[in-house]
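What follows is a pair of complexes built around chain A, which joins chain B in one and chain C in the other.
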Partner chain A sequence: MKKLFIPACFILLCFAMILVVLRLSPVGDPRLPSYSGYLDPKTPAEEIVQKGQSVALYYNKNAVSDVNSMNVVSAMILDYRAYDTLYEAVILFTAMICVLSVLLFGSGNGSGSGKDWVPSINVMDITKRMVPFILMFGLYIIFRGHLSAGGGFQGGVIIGAGFIIYTIVFGSEKAGRYIPEGILTIMNSLGMSIFVCFGLLGIITGYNFLTNKIAGIPPMGQAGVLLSSGTLLWINIGIGMNVSGAIIRIFYAFQKNADGERSNV
Partner chain B sequence: MGSHLQVLIPVTLILGAFLIPILERWFRKLLEPLVIGITFFCLIYSCLLLYGIYLSPLKVFQYFVGFSWNAKTLLITGEPIGIVLQTDLIGGFILVLINFISFLAAIYSLRYVPQNIPDGKKGVYYTLFLLMTAGMSGICLTGDIFNLYVLFEVANLSSYALVSIDGEAEAVEAAIKYLLISALASIFIFFGIGLLYGATGTLNMSYASNQIRKVLLSGHDTFLFSYRYLIFASLALFTAGFGIKSALVPVHGWLPDAHSKAPSPISAMLSGLLIKVTGIFLFIRFYFSVFRIQDGLYGDMFPAFILSIGAISAISGSVFAIAQKNLKRMLAFSTVSQMGYILIGIGFFSRDGLTGAVLHLFNHSVMKSALFLSAGAIFYKTKFTRIDELKGLGFKMPVTCACFTIAALGMVGIPPMSGFFSKWILGIAAIRAGFLPVSIIFLLGSLLNAIYYFRVIGKMYFFNRDSLSVPAPEAGMRELPESIYIPIAILAFAVLFFGLGSDILLKIIRPGVEYLWK
Partner chain C sequence: MDLVLVSHIIILVFLVVTALAAIFLEDLFASVIVYSAYSFCMCLTYLILRSAEIAMTEAAIGAGLTTILFVAALARTSRKEEDKE
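Take a look at the complex of A and B:
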């Protein structure tokens, strides 16, 4: 009886949730409340864009002129709702600190070489040739976050992946020479501080936190060129630094822990 | 009207958190002064903010992050384009409480952390400490539902790691249990936010409450009618999620482990602040500001349901606490029962009930922090954790035990202490709302509280001298370092002060509660 109780609850909950979700309007329907407000469903689809009043419609219409960014998604997450993104980046920072807290000081804290296998010459050669391009691509994604798809989170992960490949193939000793722990610490903290400082610049210029265009934060180019859209560029750089640093640090922590366990055995 | 302080308080705290890893590596001596300084400035800031809100005519501060786009901050419908931080008096009041307790916990950590936490983890500890405070402060300040969720996650995520920070197996086990159950709560809340957004099309709290009102008042034949099922479902999900976070009885399993295995300053923060801010305060925020249940559009069954959950928690938490042998575990179960009291106060959905709930939230936070910090001080000095080891401790550590006794009497509800007045207001609210049986639960709960708190006090002061487990104090020996007993003494003084001067608090809470009824 007790064994059946939890599955029964689970199935009932799932059933109830499916019933509820069926009440939601279909995805992409222009009559969604989040898109057009509470417009009458008999309104023809062409009129919704004119009559509807919602934040989503406003973003779609005005993002390019308000923010000078060609990428509407970037404009939304880094300008209109940048305060959320600040704390999302903080969550990543927190997650990294949590991983360090659990792993680096745990039972398996050894200092192995980080490498107990020798990769084939092909793998080493290709890695050596690929890593600069991966890093370059990551930087490209970060710096063009306001112009095309991408941004700080994505580019940071790509840069982190480049270093992780290098570390897996050549071992943490050699990789640690290029990017020591101290630099990673600075990257994390400095990246987040850049984000916050450009937010505070809005207050210093007499507006509110994270004010972008009307506070005149440089660069103020035309929409579509690289040096445009003010804080978006700087925030992308800051997030990129934080994310890549965090990814690499988490990887190092896992690797050190695994080495420690291996050497303990 | 708004103030930059609304954004500067959490931002100062997170900037401090970003600086700490650097300071830990290169300037270790600056680490503690930075933490103390930042928490102190945030305490001052939050007092100023509360005073500003209190003096403002509308009793609320609105701050538009990002200010305006093309000279527009609102759409024609009145929906804000960006994120709005909307802080009312209750939010500001709890903000002051958060920064007050975290300042004292930071002072307490100065000597407690080097003794009880591995040396290399000091930086991690303070970083997570500041991040948790920032997350909780942000929750009190914000007026945007998704912003609230993000801050909620910042506060939760740092608390998971703080529970397990001393690296002992029991603490790690408690942290994993806490993480899994709390993640379930996060999923519920996130899904609830999704449904609410699907039904109302906005993330702003005050605008969402307008939309919800429109939906609930719509007739059967209008197209708005079917959205009400989404709203009811999201209300149910929020209730489940916040119920798990505030450890109400069917889902309280994670709390006793997590709160008793954490380091004592963190236990005080978790028990005194985190479950109140991420649980009870969000109940208040969503029930009263977003769903506006006090307007009576949800029927009579819902308040009755909330009241019964609260009553079950209040009684069974105390019953569990009586069975405990470990001091901190007993205090943790006592938290479960007090959460039940606060939820009962919310469940009346009346002005008196909410006033009592917020006052009891404050008082319980101060008292429970004092109790946990005293338990930590006893552990710091003697390594005692079990209640039967405390025999005669009242003569060896007079200051700590006196503070513990004051706070424990407050928990029981002895008149000059602050706990009495909040329970009194809650009892009056119960009678006024016509729930006479509930006031009997308050009496019964206080009796049960008396059983387990007087047991500890009795062990401390009344004992058979022959069976003394600790030697008599040596002359001239210092009881504890100042940084440990001063926070406890301040909290114990606050228990007495806000008992006799509970009018000061009511002057802030009453207009705040009145604002929620507008």
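Take a look at the complex of A and C:
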């Protein structure tokens, strides 16, 4: 029965997915209901783009001039909907605190070296050569979040993954020499603070929380250059610090907890 | 049938294969690697649907970070699944 069940599942799932894909409307069609808003879906595409008043159309038309950011998605999540992103970052911050309070409550004395095996020379060599490039790529994605695809979350995760690879291969003791745990916690809190402070700058200048272009927050250059789009650049940096700090700190805590358990046994 | 649709269908079939394989493989390490292949297929699907941001997030978190965390967790437990049946 079980031998028959798996192929049946497989064929059924494949069939369903292909059926759904063949019935999808074309990508980027302005007649999609989420795009055309209240307009009649039978109206031609050009007319919808001119007349439509849905949020998606507004963003597509005005994001570059409103925010000075070439990346419309970044403009949406970090300017128009920055309040949502603030609480996403808060979720990550809280998650780190919860994980740390659970993991460090018990035995986490961390007396072990963090490593009870020696990887092969190939792995060590490749890691040593690759990690700088991974970190550089993460920074590139963070700093160009308002110009091309990417942003604080993605870049922060890439930086965190780079350090985690280094920690797996060379042990937490050697990795802790480059980034101590205290700095990670400070990085995490500082990232959150940058986000909130640049939000409060909008209130100080007399507008609303997280106001960007009207409040004239520097650097508000031409759309398309690196130093542009005001809070987006700073928020990306803040989120990057927050995410990478949280991820590396959680991994250190895992590693330390396991070492403590091993040395207790 | 244009090229994008054909490649999309191939990627979707591979997505289902890797998803089922990740569940049913006995060797947990192989399962983790297949799961990262699943994430990569998902990333390609997002790219075909023209959402580069989500594709990048999926590549970084799904294929990169989750795999690393799973491998690190596997290093502390046994490689085979126990108590089958």
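Note that in this section the second predicted complex is superposed on the first by the 225 of 265 C-alpha atoms of A that agree within 3 Å, B and C clash if a C-alpha of one lies under 4 Å from a C-alpha of the other, contacts with A are read in each partner's own complex, and residues count from 1 in each chain.
Here, a contact is a pair of C-beta atoms (placed from the backbone, for glycine too) under 8 Å apart; a residue touches a chain by one contact, two chains touch by 3 or more.
In this text, all values refer to a predicted model and were calculated from it rather than measured experimentally.
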* Does chain B (first) or chain C (second) touch A:142, or do both, or does neither? -> neither
* In the overlay, answer first, second, both or neither for which of chain B and chain C A:150 touches. => second
* **Contacts of A:83 with chain B and chain C, given as first, second, both or neither** => first
* Please tell me which partner, chain B or chain C, touches more residues of chain A. => B
* To do: Please indicate which partner A:95 is in contact with in the superposed arrangement: first for chain B, second for chain C, both, or neither.
  => first
* To do: Using the touch definition from the top, say if A:55 reaches chain B (first), chain C (second), both or neither.
  => first
* Contacts of A:14 with chain B and chain C, given as first, second, both or neither -> second
* Asked: Following superposition on chain A, which residues of chain A contact chain B and also contact chain C?
  -> 17
* Mind pulling up the chain B residues that touch chain A in the complex? -> 2, 4, 7-8, 11, 14-15, 17-19, 21-22, 25, 63-71, 75-77, 79, 81-83, 118, 120-121, 124, 127-128, 131, 134-135, 138, 144, 146-147, 150-151, 153-154, 157-158, 160-161, 164-165, 167, 172, 191, 195, 197-202, 211, 214, 223-224, 226-227, 229-230, 233
* Structure fact -> Seen from chain A, its contact residues with chain C in the complex are 6, 9-10, 13-14, 17-18, 21, 27-28, 73-74, 141, 149-151, 153-154, 157-158, 160-161, 164-165, 168, 247, 251, 254-255, 258
* Asked: Taking the complex as given, what residues does chain C use to touch chain A?
  -> 5, 8-9, 12-13, 15-17, 20, 24, 49-53, 55-57, 60-61, 64-65, 68-69, 71-73, 76
* Please give the residue numbers of chain A that touch chain B in the complex, ascending. => 16-17, 20, 23-25, 32-38, 40-41, 53-55, 58, 62, 65-67, 79-84, 87-88, 90-91, 93-95, 97-98, 100-102, 104-106, 182, 185-186, 188-189, 192-193, 196, 199-200, 202-203, 207-215
